[in-house]
Structures are given as structure tokens and as C-alpha cells.
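You will see two complexes here that share chain A, one where it goes with chain B and one where it goes with chain C.
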Partner chain A sequence: MQTLLQQIINGLVVGSVYAVVALGYTMVYGILGLINFAHGDVLMVGALVAYTAITFFQAAIPGLSPIVYFALGLMVAMPACMVIGYTIERTAYRRLRNAPRLAPLITAIGVSFLLQTLAMIIWGRNYHSFPQLIQTAPIEVVTGVFMTPVQMTTVGLSAAMMVGLVLLVTRTNMGRAMRATAENHRVASLMGVDTNGIIALTFIIGSALAAVAGVMIASNYGVAHYSMGFMPGLKAFTAAVLGGIGNLAGAMVGGIVLGLVEAIGAGYIETWSGGWLNSSYQDIFAFIILGIVLIFRPTGLLGERVADRA
Partner chain B sequence: MNDISQAIPFLGKRNPKAALFALVVIALVSPVVAAMFGNTWVRILNFAMLYILLSIGLNLVVGFAGLLDLGYIAFYAVGAYTWAFLASPHFGLHLPFWIVLPLGAGFAALAGIALGFPTLRLRGDYLAIVTLGFGEIVRIFMNNLTHPVNITNGPQGIDQIDGMSLFGLDLNRGLQITEGFQVKSLFLYYYVFLAFVVLAVILVKRIQVSRIGRAWAAIRDDELAAKAIGINTRNLKLLAFAMGATFGGVSGGLFGAFQGFVSPESFTLMESIAILTMIVFGGMGNLAGVIVGALALSFLPEVLRYIALPVQMAIFGKVFLDPEVLRMLLLSLAMILMMLLKPAGLVPAQSRYSKADLLGDKEIAQ
Partner chain C sequence: MPHENPAAPLLQLRDARIAYGQIQAVKGIDLELFSGELVSLIGANGAGKTTTLNAIAGTLQLSGGELSYAGSAIAGMPAHKRLRAGIALVPEGRGIFTRLTVEENLRMGAYTRSDKAEIEADLERVYEMLPRVRERLPQVAGTLSGGEQQMVAIGRALLSRPKLLLLDEPSMGLAPLIVEKIFEVIQIVIKQGVTVLLVEQNANLALGFSNRAYVMESGKITLSGSGQDLLHDPKVRSAYLGEAA
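== the complex of A and B ==
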């Protein structure tokens, strides 16, 4: 029972990060119908920029509280990723908006690998140990079940960002413009919405969320390196599809569900398979879920959009 | 075979026959020329042949049928591991070429169908992600299937794989023609690979102009319309997956035999992307383009390796961009820039699909 509870908590932590990244995928998909393959790599850039910024500030202004360094790292990483997100949209995707459907996808894959390569050139191939600025000593929440302050921060920050995004999309004029653009570009622009601006804004917001997610992943695992964005990116995409791509609430639900399935699966796979499989197969769950969802319910748990849109 | 001659610029359009002749000569002589620069280059040439085979196979799926497959390398892995299991000391089996290669191709085709079946209804971008996931699953299994029974030997891979032996000729030993003259193993492999490439080109040319090829083109251009005119889209998509996978399986087998060693490291997502880039770079859906792309992108990184490293050493006194980084940089830039500037590739495919156009045969045209 305690194992199960522990795995549920771990799953919630991972799932909340997936949810934040999935929001980025789902927003771009909702507006452009494009899978932004490079989204996972924006997350990686966020983590590495934060790493550099934190080590810089620690050397330049020593003696501050660790939380301040953490906040400084986030404050540098978020604008950096926003700039990258905007640049990607402007240079790689905008010109292909009316191209045949494979073209933007192939460009997106190219952008993803370009970001990885550039990160490899700037930060090298090594794993950088990410400064542990928030306590990592586990706290006993219930008897025998532990949670570290980093994990608590992760869940808290994710929740805050999700609420913020939902408010932005549902309660502001900007959000209304975004929803209108997602509904129909042409009509939205006839109504006076600057659709190009809104699309760029979507990328910028998504990238800022990815930056925070990247910093949280790096803080949880204590490392940052050039290919760290690939798996979370893929899983967050799975989460977005699971919840119903294009749907904000779906991305959150999908992220949490995927995190739970993965954590519980990883905890029990060895017993279930009689020792044949172990937790190194953890990454398979996301793909299996993705396959099952796409075959049996391509619209996802909450989605109304049709996947088979030829 | 006219459009293959397009692989040679300028001459290919004006005098296809001469270009084709030139192509044959180049194909036959190139290992000798490469050997003048050292045996490394012959090896690179051999790998280039494998990349051509892979690109031709992936082109069937992506270029002809329009199904974006990002896990193509998994079929290559299936072929290579089949060879490694059946012809190495790992399980103590040493089956001959004529059994192992068809088996590898068959397993790969089965894997292709297994992947194709659940993904039939998916549109382009979902399909890409699912195939990518498939490739990753295969890699995870290769890395971890070591206990309770050691099947794949994990990240260490399997070594001491048997070479190829054809008609009693062991390709690993080389061919002793006279006392003083020996055809080296590397060359033998080159010509065997070349034979496979030629076979593949002829086969694919014939498929492209057949009912199947035209049906694929119809599915690629408009699936709904294709269905409406009575094309069995399900079976044809499955066929595309299976055939593409077969090419992957065969080249994987050749790779295993040539390299003598397989490990999960050779079958990363990066390789799938590299093959995709070759197709995009050369010209999706066009055989000549695909061959040009595969050759260009297997040689450019190697040339860069020999030029960029000394240049960096001379200017900065140390190496900033190592060869692997250069390769990734080249591939990713090639992919982005081609899509933005010249989406049809270096040698664009013809948009018309009549038999006469493709064969360039005047008699049929009249």
C-alpha cells in the first residue's frame, strides 16, 4: 500500500511536468494543426540556460538565498526560450503554413535536431550537474510515504502555471483572440485579430512554459544535458494526444494520467512480468498508451477533434 | 531507366543514354579511385551503398505512399540482429547467407506489417510520432533483453558475426585471382552491395510504374479520392510498409555481415532522421534524387571530417566541432533549408504518372 502511494506521488510529480509541456504542444496544435517537434528541445535549452545563469549568479553575487538563485535562473531561462520559440516560428514554420502537410513536420524535426546540435556545441556532450537549490531531503507526508521539497515545488509551480494559462485563455481579450484564431484563421483576421501575432504569441507562451518545465526536470534529476528534452517531449506529446490534442484541459489530464501510469507501471512491472521486464522498460508505457489511444480513441479522453483528418 | 540518369546533372537531361553509361562506369570504378585515398574511403563507399538501399526503401514509404516513417531504422536493426543471432557464436548458430538474409527480410516485413496495421488510420503527423515510438521501443528492447535469458547482449552488442559467403566465396577473405593479385574483401563487399542496389533500383522502377506504384501515388496525393476510385488503401498502405521494411531488413543483414558487429548504438533515431534527410535532400519520390541524396549526405560529413578538423586545428589550435557534431549540423540544416528553399529536393520528382513519362519510352507515348 505504501509502495502504491509512493508511486502515485512520484507519478503526480512527473505527470504535472508532462502536463505543462503538453500544454505547449496542444496550444500550437490547436492553432496551427502542427506538431511542434522542437518543443522538447526548447525545454532542454531552458534547463541549460538556467544552469549557466545559476552558476554565473552564484559566482558573481555569492551569499544569496538558494531560492533567489533558482528564481534568477528561471527569470533568465524563460525569456531565452521565448526568444527561441519566436525565432523558430518566424524562420522555420511561418513560411510553410500553406505548404503540403509533410513539409512543416520535416522542418520541425530538422529544427529539433538543430537545437540539440547547437546545445551540444555550446554546452558540450557532458552531463552537467544542476545545482540543487531546493531541499532534496525527503519529508514524510504520510507514514512511510515521502516527498521532497523539490517535488512539492514542481507540483506547485506546475499547478500555478496551468491555472495562469487557463485564466489567460478564457478570461482575457488575448485569450479570446487565440481561441478565435484556433477556430478559423481567416474569420479571426477579418474580425481584426492579428493572427500572425497571435500565432507567434502562442509559441512564446508555450516556450516559456517549456523553460519552467525544463528547469523543474533538471532540478528533480539533478542533471542537465543536450538530449534531455527528447523523452519528456515525446511523453508530453503522448499526454497531449491522450487528453485530446488541441484541448487545454485534456493536456493537463493526459499529463497526470500518463505520469501515474508510468510511475505505477515502473514500480510493478518486474513483479507482473515475472522478472522478464524491469524498470528500464519504463519508457515503453508512454508509447504503448499512445498506440492504444490512437487506435481506439484517436480523439483522446476529452477531445472532440478528429485525428483522421486525411 | 531514363530518370536514373538524372542523377548526373546536365548530361542526364540532354543525353540520358550517355549519362546512364557514365553512371555505370562511375559505379564500377569508384572503389578503385576511392582506394587511392585509402581503404577508409572504400569503407565509406560501402556504407554509402547501404544508405542508398535504405533510402530507396524509405522512399517507398515516404516518397511514394506519403507515409512519414520516423522509425525506419528499426527494420534495419531487425535485419542486422537476425543476421547476428543466426550467424555468430552468440547462439552458436552459423546458418548460410541464403537462409539468413531472406529470414531477416521476412522478419523485417512482418515488423513492418505489425507497425502498419495499428497505424493505418492515422494521418501524417501522428503516424510520424507512432513510428518514432516504435523505433524507440525496438531500441529499448535491444538494450535491455539480457535477462533472464541473454538474447541481445544489451548495449555491448553482438560481435564476431560471420561474414557473407556467396557461391563458396568467403567475402571476408578476399578473392585470390593470381599469385600476386588479390581482390580485397572491402571491394568484394562493394560489388555485392552494388548488385543489391542495382537490383533494388530495377525492382522499384518496375513497382513505380505498376498499378501498385500508381495507387500509392494516388493515396499520397489524396487518400479520400484514391479510396473513392476503388483503391484498397488499407492493403496498399500495408504493402508499402512491408516492402519498405523488407529493404531495411536486407540492408540490415548486409550491414551485420559487413561490420561483423551490431549494437543498439547503430540504430538510433538520429539514423532514421539521417535517412529521411537523404530523401528530402535528394528529392522525395524520385529514385535518382534519392540516390543523389544518399550519396551526397554519406560523403559530405566524411569530407568535412577530413577538411574541417585540420582547418580548425590550424586556425584555433583546437577542435571545436567534432565530426559527429558536424554531421548532425549538416543533416539538420540540410533538412530545414531544403524544405524552406527547395522543397522538391535537388532532383525533383515528376508530377505526372503515365507509364510513358516514367519510362521515357517514345513508342508507348505514341
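== the complex of A and C ==
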């Protein structure tokens, strides 16, 4: 029972990060019908920029509270990723807006390679130890069940980002314009919506979310390196498909569900397989889920929006 | 820049050509609209009427010729800026945002405006003009009937407070009673001083209401004149009103 509770908590932590990253995938898909495979690498850039910024501020202005350094890292990483997201859309995807779907997809993979290579040139191939600014000593929340402050921060920040995004999309003029553009670019432009601006904004918001996710992942694992975006990117993509790609609520539900399945699976796989497999096989759960969803329910748990835009 | 000379046309197309890739859909047309007019553009399917409206609204660009509005050349201006300049299009097939609610659809019409109190007043006016829309406000617009969607589409366009309203086949596929209601609304809109360019398959109805009309055939304007003259023109009657010549 304690193992189960512990794994549920671990699953919620990982799942909330997946959810935040999945939102970026699903927003871009909803508005452009494009799977932005470079999204995971934006997350990586966020983590590495935060790493550099935090190291810089720790040297330049020593003696501040760790939380302040953490916040400074986020405050540098978010705008940096927003600029990168905008630049990717403006230079790579916009000119392919009316191209056959395969072209932007392959371009996205290309952008992913480009970002990884650039990061490797700038930060090197080594793992950087990410400053542990938030306490990592576990706190016993229930008897025998532990949660670290960094995990709590992760869940809290993710929840705040999700609530903020949902409010933006459902309650503001800008959000309404985003939904209108997602449904029909042409008619949205007839309403006076600068659809290019809205699409750019979608990338900017998604990238800011990715930056936060990157910083949280690096804080949880204590490392940052140039290829760290690949796996979370793939998992978050799976989460978006699981929830129903193009659907914001679906991305959040998909992220949490995927995190839970992965954590519970990792917790019990050794028992289930009679010792054949161990928790280092946890990644297979995401891809088993991806396979099952694509075969049996390609529109995802909540989705219906898969095929309505060519 | 925009000189509001009442004698000058509000909208003017000169030798306008529009192409889809290699295919010329509109092959050099001249068209003028003066403030306060209701002008209709009639013709068979594929004559280029919808293409012309889209080019005026800016979702298509001219491949040649000139387009001026309120005294300024606007060819090349994107659609969202043309809306701000006062050109609104109710597109063919209505273009409702089916996943947004009726109210959200209407509010999209006021997207470029920031005068909150005035927007609420305009919404109220739309509800008065289209009482059935009011009953449907929280409903997802995709669940509305065709006639209700058309009314939402027109109401939405009016919320941008257009100077020039372009209507593309507002009667298409609708029951006669609803068509009647839509033409009533067009009359109200005209009385408010909005200039209207109407594309219609239902030539009889359109010509009866119009000050002037143009007849389009395979990308060219073949006839123009007052609505009444065209209504009684034997060529128009045989081609578009289903009478033997």
C-alpha cells in the first residue's frame, strides 16, 4: 500500500511535467496540424539556459536565497525559450504552412537535431550538474510515503501553469482568437485576427511552458545536458496523443495518466515479471500506451479533433 | 489618406484579375460601389463571384489590376487589416466557428474593438434583430440549424461595425421563411448606412432589392445596371431567372 501511494506521488510529479510539455505539443497541433518534434529540445535549451544563468548569478551576486536563484533561472530561461519558439515558427514552419504535411514534420525533426547540435556546441557533451536550489531531502507526508520539496514545487508550478493557460484560452479575447484560429484560419482573419500573430503566440506560450518543464526536470534529476529533451519530448507527445491531440484538457489528463502508469509500472514491474525486468524498463510503458492508443483509440481519451483539419 | 468624397466610390475594382495558380478565375473586371448602396453580383456557379468577394475581403489577393477602398489602394493588404478598415465578409457556407459558443462567435466579430460598453450595446441590437440568436447564446454553434448559423454569421459581421458588408450567398440552402428574414435584416443594415455587396444565386430576390447589379459570366462582367432594369432584361431572365428566351 505504501509502495502504491509512493508510486502515485512519483507518478503525479512526472505526470505533471509531461502534462505541461504535452500542452505545447497539443496547442501547436490544434492550430497548425503540426507535430512540433523540436518541442522537447526547447525544454532542453530552457534547462541549460537556466543552468548557465543560475551559475552566473550565483557567482555575480552571491549570498541570495536559493529560491531567488531558482526564480532568476526561470526568468532567464522562459524568455530565451520564447524567442527560440518564435524563431523556429517564423523561420522554419511559417514558409511551409501550405506545404504537404510531411514537409513540416521532417523540418521539425531537423529543427530538433539543429537545437541539439547547437546546444552541444555551446554547452558541450558533458552532463552539467544542475544546482539543487530547492531542498531534495524527502519529507514524510504520510507514514512511509515521502515527497521532496522539489517534487512539491514541480507539482505546484505545473498546476499553476496549467490553470493559467486554461484561463487564458477560455476567458480572454486572445484565447478566444486562438480557438477561432485553430478552427479556421481564414474565417479568423475575416474577424480581424492576425492569424500569423496568433500562431506565433502559440509557439511562444508553448515554449515558455517547455522552459519551466525543463528547469523542473533538471531540478528533479540534478543534471542538464544537450540530449535531455528527447525522452521527455517523446513522453509528452505520447501523453498528448493519449489525451487526444489538439485538446488542451486531453493533454493534461494524458500527461497525468501517463506519469501514473509509468510510475506504478516501474514500481511493480519487478514483481510482475518475477525478477526478469526491473524499474529501468519504465520507459516501455509509455510506448506500450502509445501503441495501444494508436491502434484502438487514435482520437485519444478526450479527443475528437484529430482529423478535422487537413 | 482616405478622402471621404461622397461622389467617389467607396470601393473600386479596375481590371481586376484573380488566379488560382495557372487558372484565371476572374479575368479583368471593373466594379464600383458607392456609399449606402446595395449592389448584387449574380451569375452561374463558377462565374467568379465568390472569388471576387474573397479578393475584396483580402483572403485572396489580386493577380493583376487595382483595388481601392475609401480612396486608398488596398491590394496586398491582409484580410485582418481590411476588417479594421471596415470591410466585413460573411463567407459562403457561413464560416461559423462550430466549436465556439454562439456568444463567442458573436464576440469574435468585435475582436478588433475595445469599446466594451458599445460592444454590449451592439450585441443587444443584434439580439433584437435576431431574437432566435439570443435563445442560443451558450450553445455550441455547430449544433445550430443552417438558418440560425447564417444569422449568427451576419450578426457577427455586423459586430465589427463594417462600412462595407460583403454577403456570399446568404440564402443558400435555407427555407424561404428564413431567407425572407435574412433579407429583412439586409434592409435594416442598409438603413443604418452600411454599403452592401451581395452575391446571390437567387437572382430574382437579389435584383428586386438591389440598387444596382452586375452579372458575371466565366470570370467577366457581362452586364450591369439598376436592379429593376436587370430584373426585366430578357437575357438575364432567360439565363438566371429560369425563363425561356
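Assume the second predicted complex is superposed on the first by the 305 of 310 C-alpha atoms of A that agree within 3 Å, B and C clash if a C-alpha of one lies under 4 Å from a C-alpha of the other, contacts with A are read in each partner's own complex, and residues count from 1 in each chain.
Convention: contacts are C-beta pairs under 8 Å (C-beta built on N, C-alpha and C of every residue); 3 or more make two chains touch, one makes a residue touch a chain.
None of these values were measured; they are calculated from a predicted model.
Q: In the superposed arrangement, which partner chain does A:A177 touch: chain B (first), chain C (second), both, or neither?
A: second
Q: Please tell me which partner, chain B or chain C, touches more residues of chain A.
A: Comparing touch counts on chain A for chain B and chain C gives B.
Q: In the overlay, answer first, second, both or neither for which of chain B and chain C A:Y281 touches.
A: first
Q: Could you look at A:M191 and tell me whether it touches chain B, chain C, both or neither (first, second, both, neither)?
A: A:M191 contacts chain C only, not chain B.
Q: Counting only touches as set out at the top, which of chain B and chain C does A:G291 meet: first, second, both, neither?
A: In the superposition, A:G291 contacts chain B only.
Q: Quick check on the output: what are the common chain A residues between the chain B footprint and the chain C footprint?
A: none
Q: Under the touch definition given earlier, write down the residues of chain B that touch chain A in their complex.
A: 62, 66, 68, 70, 118-119, 121-126, 128-130, 132-134, 136-137, 140, 143-144, 147-148, 222-224, 269-270, 273, 276-277, 280, 320-321, 325, 328-329, 331-336, 339-340, 343
Q: Which bits of chain A are touching chain C when the two form their complex?
A: Against chain C, chain A makes touches at 173, 176-177, 179-180, 183-184, 186-195.
Q: Could you list, by residue number, the parts of chain A that touch chain B in their complex?
A: These residues of chain A touch chain B: 34-35, 92, 95-96, 99-107, 109-114, 116-117, 120-121, 230, 234, 237, 241, 275-278, 280-281, 283-284, 286-287, 290-291, 294-295, 298, 307-310.
Q: Could you pull out which chain C residues touch chain A in their complex?
A: Going by the criterion above, the answer is residues 57-59, 78-80, 83-84, 88-89, 91, 95, 97-100, 104, 107-109, 111-112, 156, 160.
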